[in-house]
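Note that chain A is present in both complexes that follow, paired respectively with chain B and with chain C.
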Partner chain A sequence: MRPRLRLSPQTIDVLDDFLETPRSWKYGYDISRNTGLKSGTLYPILMRLAERELLESSWEAAEPGRPPRHMYRLTPDGLRYAREERRSRAPRRARQAALARG
Partner chain B sequence: MNESLRSELVGTSGLALAAAAALVLTILRAPAPSQSDARRRTAALFVAGLMIYALHFLEEYATRFYERFPPVLGLSPWPAGFFIVFNLSWLLVWVLAAPGLRAGYRVAYFPVWFFAIAMMGNGVAHPLLSVYARGYFPGLITSPLAGIVGFWLWSRLRAITESAHGKTRTTSSSPNQ
Partner chain C sequence: MSVARHIAFRLLQIIIRHSSPESRTWGDAMLRELDFVEGDWQALLWTLGSATALARHSAPRQLRSAVRKRVGPAGRLVLSWIAENAAGVLSGVIIAAGVLTLSAWGGPDLMSTAVPQWQAGHARLLELLTFVLIPESVFIVAALALWRRRRNIAVGLLLSAMTFTTHLVVHVANHN
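Up next, the complex of A and B:
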């Protein structure tokens, strides 16, 4: 069994972004824009998630005058993992929301 | 600047530094006279080094170094086409430099110095990348060979060149030479 990922807030943001459209391919640039993460933070996270086979990657077919872009999407394992992580964070998020409400 | 171009420029900036160092060495160290045997041996070592480089490139290509390395620097992966063209272009320059090195043309020393520095860099960088990745990193298996041949070639280049500054002084003090 693979060691569990240590999930930084940034990795959680990336997984959450993938969960918005779970079966869609996404470009690094789009994820960066949606999460506000700079490429220096984002690409190492994508690499680690891909190494753990939580993400799969593919190259977009090249179009004339534009370099091909790398795309990512959740694997079935990745989708399960991201959903479990979101569920496990739900009680904590609810507690934090309750505390915020006073 | 688009993301791909930025990744290609920043990701290869280490090699740009190696090229700058090679240029400085080419300027500072002139081919030593009467070293034709040593030059022939160095050229043979260089050609052997090119074969090791080709092997190293094949390992990197087969294991998708071009997708794995840029993210380590926080950059987007390189398209395979860029990686192939970049490496094969340099291979062509190096192949053309081999007869020049053998003949003692100073301009041919620049790509050979660059090759030696780049190969030493490979010998150090890939094991470090593997430590970072906590496992195999593309290019690791052939990188020690690359490092050894790079260091060996560096030593040979130092032996068949001499300080251009020293040479100028010698020449000016011995006009009959």
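Up next, the complex of A and C:
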């Protein structure tokens, strides 16, 4: 059995970013910009997701003379996991939104 | 390429070179993204963050690999046995420490309540009983009872019993 993933707010941000466009590949720097996470926080999260086989990676087929970039997307297991986590957070987020509205 | 970006690039290359083979793919990925980071200072910050992430990923793997190389096949077997059984042995040691503490703290009061005449005349015997005989007997009986079903815990108990006995023998030898 794979060890459980520690769901920090930053990991949730990364999963949410992947869920925005679930089947498309994303670059590390783009995820960093979308989530506001620095590389020192982002990459350990990507590494943990990949170790648990929730994330797959691939090298981009680069144009000649340009080095390839590494791309990431959630695996089917990862997508299921991210969606379940989002669903389980929904009631709490609704409560927080209601509290914020007063 | 600016000086800051050049430094960032070189720094990350050096760290990748010294990383574990499993971490290098991640290092290459971080290095490739450096070309797309806007701003030289941001590039340097990206490198510093990447270097930290890479070191955290690589260090335990390098350590494991160094230990594997150094200890040889027999040592590897011992290490894997320790990794698999450490929790059980540790539980045995903790149980032994708990029994010893209970016996040493609660034993004298319990014994003097049960056999009041001992308190005055047999203080030394009471001490021997509660500090040595009772805990050692509990360790051995529990280890024998657990040997088939929970061997790791039994080993932890026996190790504690042996350590405690050795300590006692050295103590007695030095004070008599």
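To be clear about the criterion, the second predicted complex is superposed on the first by the 101 of 102 C-alpha atoms of A that agree within 3 Å, B and C clash if a C-alpha of one lies under 4 Å from a C-alpha of the other, contacts with A are read in each partner's own complex, and residues count from 1 in each chain.
Just so it is clear, a contact is a pair of C-beta atoms (placed from the backbone, for glycine too) under 8 Å apart; a residue touches a chain by one contact, two chains touch by 3 or more.
Note that this is a predicted model, so its numbers are computed, not measured.
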Partner chain in contact with A:44 - chain B first, chain C second, else both or neither: both
Contacts of A:28 with chain B and chain C, given as first, second, both or neither: both
Which of chain B and chain C A:68 touches, first, second, both or neither: both
Overlap of chain C and chain B interfaces on chain A (superposed complexes): 28-29, 38-44, 46-47, 57, 67-70
Chain A partner contacts - residues on chain B that touch it in the complex: 2-5, 67-68, 70-77, 79-82, 133
Touching residues on chain A, where the partner in the complex is chain B: 28-29, 38-44, 46-47, 51, 57, 59, 62, 67-70
Of chain A, residues touching chain C in the complex: 27-29, 32, 38-44, 46-47, 57, 67-70
Chain C residues touching chain A - in the complex, by the definition given at the top: 25-26, 28-30, 32-33, 35-37, 45-50, 52-54, 56-57
